[in-house]
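Here it is, the structure, as structure tokens.
Chains here go by letter, A, B, C and D, matching the order in which they are written, and residues are numbered from 1 within each.
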Amino acid sequence: MRLPILSEDKFHDECGVFGVFGHPEASNLAYLGIHALQHRGQESAGIASWDGATIHLHKAMGLVADIFGQQALAGLPGSTAIGHTRYSTAGQSTLANAQPMVARTTAGQVAVAHNGNLVNAEELRAELAAKGALFQGTSDTEVIVHLLAHQREGGVEDRIRGALASVRGAYSLLFLTERGIVAVRDPLGFRPLVLGKLKNGATVFASETCALDLIEAEYIREIEPGEMVVVDAEGLRTIQTLPRQRSGKCIFELIYFARPDSQVFGRSVYTTRKALGKRLAIEAPVDADVVVPVPDSGVPAALGYSEQSGIPYDLGLIRSHYVGRTFIEPSQSIRHFGVKLKLNPVPAVVRGKRVVVVDDSIVRGTTSRKIVKMVRQAGAREVHVRISSPPIQWPCYYGIDTPTRKELIGSSHEVAEIQKYLSADSLGYLSLDGMLKATGNDPAHFCHACFTGQYRIGFDAGDVAQLKLFDS
Amino acid sequence: MRLPILSEDKFHDECGVFGVFGHPEASNLAYLGIHALQHRGQESAGIASWDGATIHLHKAMGLVADIFGQQALAGLPGSTAIGHTRYSTAGQSTLANAQPMVARTTAGQVAVAHNGNLVNAEELRAELAAKGALFQGTSDTEVIVHLLAHQREGGVEDRIRGALASVRGAYSLLFLTERGIVAVRDPLGFRPLVLGKLKNGATVFASETCALDLIEAEYIREIEPGEMVVVDAEGLRTIQTLPRQRSGKCIFELIYFARPDSQVFGRSVYTTRKALGKRLAIEAPVDADVVVPVPDSGVPAALGYSEQSGIPYDLGLIRSHYVGRTFIEPSQSIRHFGVKLKLNPVPAVVRGKRVVVVDDSIVRGTTSRKIVKMVRQAGAREVHVRISSPPIQWPCYYGIDTPTRKELIGSSHEVAEIQKYLSADSLGYLSLDGMLKATGNDPAHFCHACFTGQYRIGFDAGDVAQLKLFDS
Amino acid sequence: MRLPILSEDKFHDECGVFGVFGHPEASNLAYLGIHALQHRGQESAGIASWDGATIHLHKAMGLVADIFGQQALAGLPGSTAIGHTRYSTAGQSTLANAQPMVARTTAGQVAVAHNGNLVNAEELRAELAAKGALFQGTSDTEVIVHLLAHQREGGVEDRIRGALASVRGAYSLLFLTERGIVAVRDPLGFRPLVLGKLKNGATVFASETCALDLIEAEYIREIEPGEMVVVDAEGLRTIQTLPRQRSGKCIFELIYFARPDSQVFGRSVYTTRKALGKRLAIEAPVDADVVVPVPDSGVPAALGYSEQSGIPYDLGLIRSHYVGRTFIEPSQSIRHFGVKLKLNPVPAVVRGKRVVVVDDSIVRGTTSRKIVKMVRQAGAREVHVRISSPPIQWPCYYGIDTPTRKELIGSSHEVAEIQKYLSADSLGYLSLDGMLKATGNDPAHFCHACFTGQYRIGFDAGDVAQLKLFDS
Amino acid sequence: MRLPILSEDKFHDECGVFGVFGHPEASNLAYLGIHALQHRGQESAGIASWDGATIHLHKAMGLVADIFGQQALAGLPGSTAIGHTRYSTAGQSTLANAQPMVARTTAGQVAVAHNGNLVNAEELRAELAAKGALFQGTSDTEVIVHLLAHQREGGVEDRIRGALASVRGAYSLLFLTERGIVAVRDPLGFRPLVLGKLKNGATVFASETCALDLIEAEYIREIEPGEMVVVDAEGLRTIQTLPRQRSGKCIFELIYFARPDSQVFGRSVYTTRKALGKRLAIEAPVDADVVVPVPDSGVPAALGYSEQSGIPYDLGLIRSHYVGRTFIEPSQSIRHFGVKLKLNPVPAVVRGKRVVVVDDSIVRGTTSRKIVKMVRQAGAREVHVRISSPPIQWPCYYGIDTPTRKELIGSSHEVAEIQKYLSADSLGYLSLDGMLKATGNDPAHFCHACFTGQYRIGFDAGDVAQLKLFDS
């Protein structure tokens, strides 16, 4: 049996999207773009291109570099393309759910790439099925595609607006139409989506700026929450703006999901993570000899912690480059070597030392526990765990794959209990207030429901008995 | 066409070897062992096991995790196994060269796993072919296998000694025989090889200690240069020791090849690299604002440089997790994005700063040049390059895949010219003396021919006109 | 490029269907059933099973034996299953068109397997698309699936009837429902469909009786044209019978498509083909030395011709067992060896002889021409071609893949011209009247539009200017 | 588990060989040639070509049409090529045994394709291994390759002669050298080998003439037993002829192995088989209504039987086109449908009739028994079995894969017992004398050891206690 290793104790984002309009090598650029976004989803990937006559599509399960070869890219002609890279839990991970998805509507062909999660998908799915819609897979995105196909009137932009009118939840969407690209972000802007420009004037959309950097596109701005942007032969224009007092940008993008070299929600991810680490050093100081990050996600916060505290930073844990998403656990007596495949301590760094291990978050606690044990076995005198975000206590309904509440150690246990479970000499989390301060001091700006349970949109899911809506 | 990206401007080690004797899950352990050694070679991998009756073999091109599944491992029964992971240049990378290789000799079946390079392979190959030996591939290891098959007398240990008598060069070898495992290291000990022990008493051999760590084996000691160790039902014993004044351990293992969490040649790799960085800070100081490593290989030296110099360390370059060994360069106008796929700067870290970029070595200079440009474009005010080893000037004949002399920028250009080529504001290499001091201050201990041309064994290769043998 | 060889000069049937209700190894039986029906379509195959809770589906491009292994069959549990094997022209041959197809309707899950062709598919497809239906592929069957999904009322049998109400054309259909199997044949009964029974009492449906023979099922009767049969926990019953004066059973099934060991339309295919050959000997006698069949399809008619005429039958053409559906034509000067790959003459049989070559039909004439040349080169003194059906002059719209009218040599040329084109010493076709006599002497019973242009249902296709409807 | 179906109750030939010298599309022709010879072995296939500088080789497990595509053939340049197609029993069927095999000798590169079997292979293999030869697989051919590589003196033709000097057994060999092709047949000429010529003057070698027919090459003559022929830039010449009183041509080639459209040993296979059937009708007459062949191998003998006896021939058993070499037996209760997958009776032909079933041979008797049962169940009143060769009683050591003696029903049982086992109303074999008469009436000409135990060469195999050598 193949077990996920890398993913073992982290949240997972569901998708990355990328689009380019107006470049003779659109699909090549899309290929590079989704390659840069692959940390947002590595289960499947796809590209759709429009060559003026037809939408070409290539998608498959697997990694971008394995899915796309010279031949596949040659089969995606045209100067407009959108791409998608997808994560999903094992049970739902099938080609039928891979994206982009294509619809042939009476207003022409449309391909869709989606990052996010709808909270009323089941309801919409049931309504559509009752009308005779045949679903191929189980993804929310297919709901959007069917809604679009059921629109009867107006141009393709009107139909997209019509389709989205009944949708609630998180969505950063790219639509490839016969005329160009339509980019939409949900009214609360849960997931990121940025606009860029290439030297030749081509317009680019991407989940994160790291995709712009790779193709040397200039970062222009975020697509705003509730905004619908169209780019076609007539140029780029906003065709919808929603009045907005507050937004629900996912704070976990800054804490863990996004690549550290990206700008997300207008902020440098790396700088933000260092700021979280600094704040953590103020809130949860400890008398220690060395600050050791859990690589790679804990590195910026550990550097911030070290900088603020003055305790030297050193690389006491080495991460293997060769641990992929899946690995066969050899049977029987030698099981349970677990996290060792991914991380190995450097005894020379930790031996006899009081070590501060810094990570960005704790989900189930199993990995953190193994790390503490490993560092201690390598000779550390004390092991202090510091986490650059508050305890995760609530599942996400807006596009992140999370365990149920009872699996979240931050929900089921007090901090003191967690410390005991980890066998750490001390455990410190960043406070909610500290996290918000380090991310710009605007509580209305971010969705932080996974820490607070203050959900910004109601939903029809079942495992949270009483929903605390953020501002109702 | 698939181009190597990761490998672009680095030397490559050729192999990792691993063996276990006396454990009911020998092949499972070998699987884990070669997984941990995969940084030493990722073109092909294989495992051979002995179940008391026959040698079972599974090998293929590709990564360890892709080659071995439950079924493949189930097909490798027995309590003795050896494994191998291999790098090779494109032209020679075929299954015929994959290891372990198996010979059916009149003293029984033998499987061989080899790390190193013979300097008289061509000569031996010609002699063997004249005697009717049929070669399947082009590797040196096959020469050893044929030599072994041509031995007529004695037990298998005698035949291994006989076969190796005519061999010159670098070899850390594991032989799986019908009785156990024979481990041999060449008289100068170019490549590492360590001995370990599992909790159940099983004996383990591995190129590096990181493989022992993963399976929780205890590190006992190095196999000595010139030593032949046998483990079988009668126990573990040294059956050959060569008198030895000097050795030729590859100093580049400490500088770049080995995993930082390994012990190699009795030294912590990580600590050694930090020491090289500290020494570099003393020899090549610079007035700057931030020390930025080229990840991941430059990280320990950069930390050492920062610690010694007091200039803050920060992560100004982010490495993508998804760059594998191969990548299709999209055609035409968007080529040459090169190193950007692997590395992306963090503008917030370097903007307006005087940056010290620290790396372990420069081979051709092309990657370093792109990095300097990239950091400058991200806003750095000054870019100073510091290298934690001397200029590489000579090819290796002892198991490392290196370019020819004229491709080595350290051979064809003076340091000032290299600085100009890199467009760096300054360039500093560590001195030979500094390197030797940081690695234990024993010039006779290490082979450093790639820096000095002082080769320790003559060879029959052609592109070095005058060979400066180290001590003749 | 891969060129079809076997298919070069024959019509192609589109599909075979098979179903079993009430056997613990339903999918294993379906596997055998579609294996026996593979001559009806070898581009893709699939099986759907119902295990009381969910419909399981496995389908792929390729041959039955390659598609289904132990594992695939193990994934198809349950005591009800339907299977399908499909032919299609190159352009439409994709997995999206493979069958069975599955719909999740509000009356439960349904899988569909279809043999035939709808004449109003394009019209229905357009209507459905306007209602928002998303089509994955281009097959008629998907139209039926969408029609079914758009039914709102009644049980699943009512919905199937409702869906078929708007459909015109040829269809022998098996529906796997949550309750059992529904089998339907179109009102004119173009394509065959038979009912059988296993020893354990399980009900079986199949396109031809050869599938019953393989699994040792007893042949009960044909499903009648216009009949809808249901088998479920309550037993087997006819739930619809259409009053019927005439039918449109495809006479070409008897002439070429069906396997000679099958019973089709209540007649032995083999005996019918021999009768056609006997009739041909009466209508088109010739003074000759040997009757040689074009194997394998011409064998029964040749035996009949020999029997009637008294001219000895002998095997002057040998068919290779190893010619599959596709073959790479080696390039350049050695092209055009064409039919030789499939057929080779036996000079000892034909040398110096006056040879009657008997085949079942001529489509384009290219293969027949090569055969005549081949037999003559092998030494035949005279080559007389006899065809056990009339000239094919019209395309089929009821489920057979045919060339356009102008490609049909029987449409564009007189018999004398065809003889000249074939370089035959004489050419004789069976007359329409003779064909009908040999097949039971009931002109209203069979569709023979491919010979007469007397189509039984109007259609919306374009390449026949004036449609001669059979009885209007 | 995959079970062979086609092979169930027949002997198997081991190989087909093909060579062409002097044609710009040599490998394309070799591809066609081995395609035509595929009935001689369908487990693996390969082609080696010489382009004036190097030998190119492509070989794989599987069918010719699957192994060779445009790309594979493009990788086989040059105007000389040899090809091979191979059968082997499951245990020995590996790529390591696939042919052609290539040796790099000091007289240049050589590729070898072999049809036959050596009787002293084990002895030679042991001698070579003692000299240090490393064997990759288990085939006799590799022994020849090693013998060749161990030759030290003379040109390549001398070395081939030298290598073959120590070899005993059956071999029709093609050697591709740097100069041309060397074709050799063993002194007794067990396996066929013919010489042909293309229109452009190119020389062709093939196991059977059907391969010449496909590429429109003219048949020149057999390579004689003991003859060595060389074709190179200097033309075609015989460089060795052995004085010869008798030969050992395999009579089973005429009875079953060869394609009926081939000429083998100078005789038409088809005509010979009909003659065997006629002779059988004289020796074993029966009062019956219809003669039914076991298709396809029994067809010519059945036609002969019918012609001689006057009993009408008819096709009472239909053979499926889709039965390949392997087929998964579905598990449990529906096993054992066995031969039904391949053959199905036509009830209309046999019902109420006294049927003579004609086949070429009986090996184990299991298939014949199922056929008798099947024909009787289809309604035959009587079933008489007639076999166009004598009872097979001895294994073959000269290149045919046969069961052991005790598995041969003709060895372990009397004819009356076999009849009873088959449940046939009567059973008649052709006599040895009748067989020899029908094949030319020269007992010294053919090896018929499988019928008589009169082996022509001694061997070192174990399961025949006392060897009756033919003429010692």
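Before moving on, here are some points about what is shown:
One rule holds for everything that comes next: a residue touches a chain if its C-beta (ideal position, glycine included) is under 8 Å from a C-beta of that chain, and two chains touch if they have at least 3 such contacts.
Since this is a predicted model, take the numbers as computed values, not measurements.
Among the remaining chains, the Cα-based centre furthest from that of chain C is the centre of B. In this entry, B-D is the pair from C-D, B-D or A-B that repeats the interface of A-C, since more than half of their contact pairs coincide by residue number. Centre-to-centre separation of chain B and chain D, using mean CA positions: 52 Å.
Averaged C-alpha coordinates put the centre of chain B at 63 Å from the centre of chain C. Note on chain placement: the centre of chain A and the centre of chain B lie 36 Å apart, centres being C-alpha means.
Of all residues in chain A, none touches 2 or more other chains. Here the touching chains pair up as A-B, A-C, B-D, C-D.
By the touch rule above, chain D contacts chain B in their complex via residues 103-106, 129-136, 145-146, 149-152.
Interface residues of chain D, counted against chain C in their complex, comprise 1, 24-25, 28-29, 31-32, 35-36, 38-39, 42, 63-65, 68-70, 73, 210, 213-216, 259-261, 268, 270-271, 296, 299-300, 303, 307, 312-315, 318, 320-322, 324, 326-328, 330-334, 337, 340-341, 344-349.
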